[in-house]
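Common to both upcoming complexes is chain A, partnered first by chain B, then by chain C.
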Partner chain A sequence: MTAAIFDGIVIGLRFGLLAAGLTLVYGLGGVLLLAYGQVTVISAVVIIFAMDAGIPALPAVGLALVAGGFMGLVLDLTILRPVYRRHGEARVLLSLLLTLGVAFIVDGFLNWRYPLLGLTLRIGGGPIEIIGVRMPRGSVVASAIAIVAMVGLLSFFRWTTLGRAARSVIEDQEGARLVGIDPHRMLRLILVLSGVLAALVAATQAMVRLIDVRSGFELTVFALIVTVVGGLGSVTGALLAGIILGIIYAIALTYIGTSLSLIILLAAAAITIVIRPAGLLGVRE
Partner chain B sequence: MMLEVRGLAAGYAGGDVVHAVDFHVEAGEAVMIIGSNGAGKTTLFRSVIGLLTPSAGTVEFEGNDITGMAAHRVVRLGISFVPAERHLFPRMTVEENLALGAYPGRPDAETTSVVMDLFPRLAERRRQPAATMSGGEQQMLAMGRALMARPRLLVLDEPTTGLAPKLAAEAYQALGLLKEGGLTVLVAEQQVPLAMALSDRGYVLENGAIRKEGTSAELASDPDVRHAYLGVL
Partner chain C sequence: MTDRFTEATGTSVIGGVERRASRSLWRLVGPVLALGAVLALVPLRLGDSRVQMGVAVVGLAFACYTIGFNLIFGSTGQLFLCAGALAGIGGYGAAILADEVGLPIPVSILLATLVATLTGALLSWIAVRRSLGVIFTGIVTLIFTLSFANLLLGLGNLTGGESGFLIESGGDSFLRRQIPPYYVMLVIVLGCLLAHGLLRRSHAGWAFRALRDDEVAAELAGVDVARYRVYAAGIGSAMLGLTGAVYALTEGRVSPTTFGFAEVDVVVVVMLAFGGIGSLYGPILGAAVFTVVDELFVDLGQLRLMAYGALVIMLFLWVPKGVIPTLSGLWRRRAGRVSPRRGGSPG
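The block that comes next holds the complex of A and B.
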């Protein structure tokens, strides 16, 4: 049982990190970024190409983080421009359709040109023992990175002027404008940040399992589920939902088996949303 | 001249709500715009401070043309706006709301203590989320947040909305102190007696146009104003 819970926390941290970028972009700008998993996959491809070119793993990951941020910026400057001119449901719907289109194009291109590409990052050394449970070193390193990233993210939003300003846009966009904050610039910043997070997911995910060019949609779907369960716009909610769902998933994997565990995960998510439509830490509108 | 509005027209998709409005505010003055529900006070203010783009006319602040400038830039020039709906950050604490008022800077100690002295209730509740406070406290917080930007002109849209008479009077008491301290105030109000006691001059807005203007004393003795806004038959 302890082992299953540990596995769940490892999975949950990855879920939380995966959902953080998506939930921020939705909470801040009412934009649903369905190409999120593809940003992760492209970042993984960047790591592969960089390492093939002889660049060591760590700088290769650094390069992918820059590439992820750049992709966020490009989305903001191109495909999302018509989205920003709309408001409310029309905005959500248009962002959904346009970014879904981007996702299809990216997936199509990668499947055509590089169908066999896949990334796993092997962390050297044997398993690490934590209170009696032997964990693969890759999982432990990936979890540590996820924890550091989440703590950094939460501190940024809690303690810095810029982070508070970004949160204020989620809280009340008009109020933000009245204190001198430009919501569009904040949203651009958050898109860059979520691109970086997507790239970080590529690196941590690859330490635990394979990411290939077909992983995009699966990643987006998991991110969406965690986002909705956690409450749109809440990083803490994403982390909480990620860990809860991760533990449920891991326990189901251990005791019930692979085939049913995904269904159990989805059912847990569905029940949460029925009981709390705004998600665990979301605000009712 | 602190604020000069000429021929301003503005509205929404269905057409203009205010038409050819002229008014001005001198430095150090308190000016009121009175009118009933739906007269266009909110639309007028939103188009002055940049939340709404005017369809005609000009807005000048301290001699600079700010017509159509985005609200987040207007506030940095020195005009703070307190909307009737307050638009606070509900899940953030009183302290965080106030700190954001000073954006992009950090809140300076002097302004913070001025605001806390003016509204001691905010000091008591500094760690409480804005959403958990009463209507009166939220109004104080909205005014406090606006003051954190150290504005030269404070614009308030119906600051007494939803407040009990005692709290409404308190809000105006605070405005009186701010005016004595040299702040220029522009306020839209339905509760005319309170606004009249504060203001040097006023305008009467009806159906989106200025119908009357004058000093508060002149308006107070005007039979139409007395009848429509002061409840005198």
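The block that comes next holds the complex of A and C.
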């Protein structure tokens, strides 16, 4: 049981990190990025190519983080331009459809050019023992990175001026504009940030299991579900939802088969949304 | 909310009463029958090729899926991202009832359609009761889609798991021959089209438009928003389930990818957005165009997905309202008429 809970936390931290970027972009800009999983996959491809070129793992991951941020910037400067001109529901729908198109292009290209590419990062050394439970070293390292990233993210939003400015846009766009914060520049910053987070997910995910060029859709869908369960726009909510869903999934997995565990995970998510449409930590508009 | 995505195709609710009264039933039935007559000629050209007839049947099935989705999303603003799963309930349901339980084919189709209808209505009821917005309804139904897909895998001995199974029932009936499935499907398309058209003309149609334009105002004006949403979802789901069931039986096999999210839902959204969300003939145009485009791209292999993506992006950048509403807008401006032909395709 303890082992299952630990596994759940490992899964949950990854879910949470994955959802954090998506939730920020939605909370700040009312934009749903359906190409989010594809950003992660491209980052993984960057790591693969960098390591093939003889670059050690750590700088390769650094390169991927830069690439991820760059992709966020590119999305902001190109495909999201027309989205910003709309408001409310039309904006969400247009962003959803346009980024779906981007996801198709990326998936199509990767499947055509590099159908067999996959990334796993092996962390050397044996399993680590934490309160009597032996965990694979890769999972522990991945979770540690996720925790550090989450703490960094939360302190950025709590204590830095830039982070507070971003939060003020989430809470009240007009109000933020009135005190001299440019919502569009904030949004650009957050898109870059979420691109970096997506790339970080590529690295941590690869320490636990394989990422191949077909993982994009699945990653996006899980990020979306965790985001909504946690409450759109809430990073803490995403983390909490990720860990809760992760634990539910891991416990189900120890007793029953994979596909039924997934159904239990999905049912838990659906019930949360139906009972609390605003999400665990979201504020209902 | 003038720039809403699902904007009505230019019809204003005020002052529409007189127009509607003057319009006879023939203005709906006439074009539908004409469309049916044109589509009925397709096998004369393609009838020799089994492959091309197969493609045509798929195209018609997608037209039905899109009409059903349009009724749910276009008419009442409920983003049901489970079109494939509802069709799958029809398809798998009919196949299992006919093969495993041994019911006659028409009975199994009816029962499976009923289950799909109730499922859709239930999902809508939950969404309405909890007043979930567009995106939340989308997520809940997406979760339903994923659960359905996992259920198919989990119940492997009943559903054949990943590879699906071959349907034995009806193997020697006309459903498996080359040409008849096309006409069966065509009848369903015309039936769905007429049903949707009649609904739009009835008081339900007024309620749909009212609640889509401004939900709160509609509620205040005495429109029972909840009831009409659930009705629309039920009828749309019935169309999806029926089509799925009939398609599965004509195809002779079902598999998770027959009703998958990427294979059905994404395509249906694209087809509807191309034709025009909320318009009557939009689904037909969308299904026709994308079935042909799909065939043209078939040699491209994986590049097909890229081309699809590029097409989707260009489409939503340039004609975000959909082709039919855009064209009828242009037509109206040229003709200088104030009153539009709602949803009708000019020419």
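Note that the second predicted complex is superposed on the first by the 285 of 285 C-alpha atoms of A that agree within 3 Å, B and C clash if a C-alpha of one lies under 4 Å from a C-alpha of the other, contacts with A are read in each partner's own complex, and residues count from 1 in each chain.
The rule we apply is simple: a residue touches a chain if its C-beta (ideal position, glycine included) is under 8 Å from a C-beta of that chain, and two chains touch if they have at least 3 such contacts.
Please read these numbers as outputs of a predicted model, since none were measured by experiment.
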Classify the contacts of A:Leu260 with the two partner chains as first (chain B alone), second (chain C alone), both, or neither.
-> second
Thinking of the overlay built on chain A, is A:Thr161 touched by chain B (first), by chain C (second), by both, or by neither?
-> first
First (chain B), second (chain C), both or neither: which does A:Ala103 touch?
-> second
Have a look at where A:Ala50 lands relative to chain B and chain C in the superposition and call it first, second, both or neither.
-> neither
Is the number of chain A residues in contact higher for chain B or for chain C?
-> C
If you stack the two complexes on chain A, which partner ends up touching A:Pro115: first (chain B), second (chain C), both, or neither?
-> second
Considering only touches as defined above, state whether A:Leu178 meets chain B (first), chain C (second), both or neither.
-> first
Who does A:Leu189 touch here: chain B (first), chain C (second), both, or neither?
-> neither
Which residues, counting only chain C, touch chain A once they are in their complex?
-> 1, 3-5, 126, 130-136, 139-140, 142-144, 146-147, 150-151, 153-154, 262, 266, 269, 273, 301-313, 316-317, 320
For chain A, which residues count as touching chain C in their complex?
-> 32, 79, 82, 86-90, 92-94, 97-98, 100-109, 111-112, 115, 217, 221, 224-225, 228, 257, 259-260, 262-263, 266-267, 269-270, 273-275, 277
For chain A, which residues are in contact with chain B within the complex?
-> 161, 164-165, 167-168, 171-172, 174-183, 283
Chain B residues within the chain A interface of the complex = 51, 70-73, 75-76, 80-81, 83, 86-92, 96, 99-101, 103-106, 145-146, 148-149
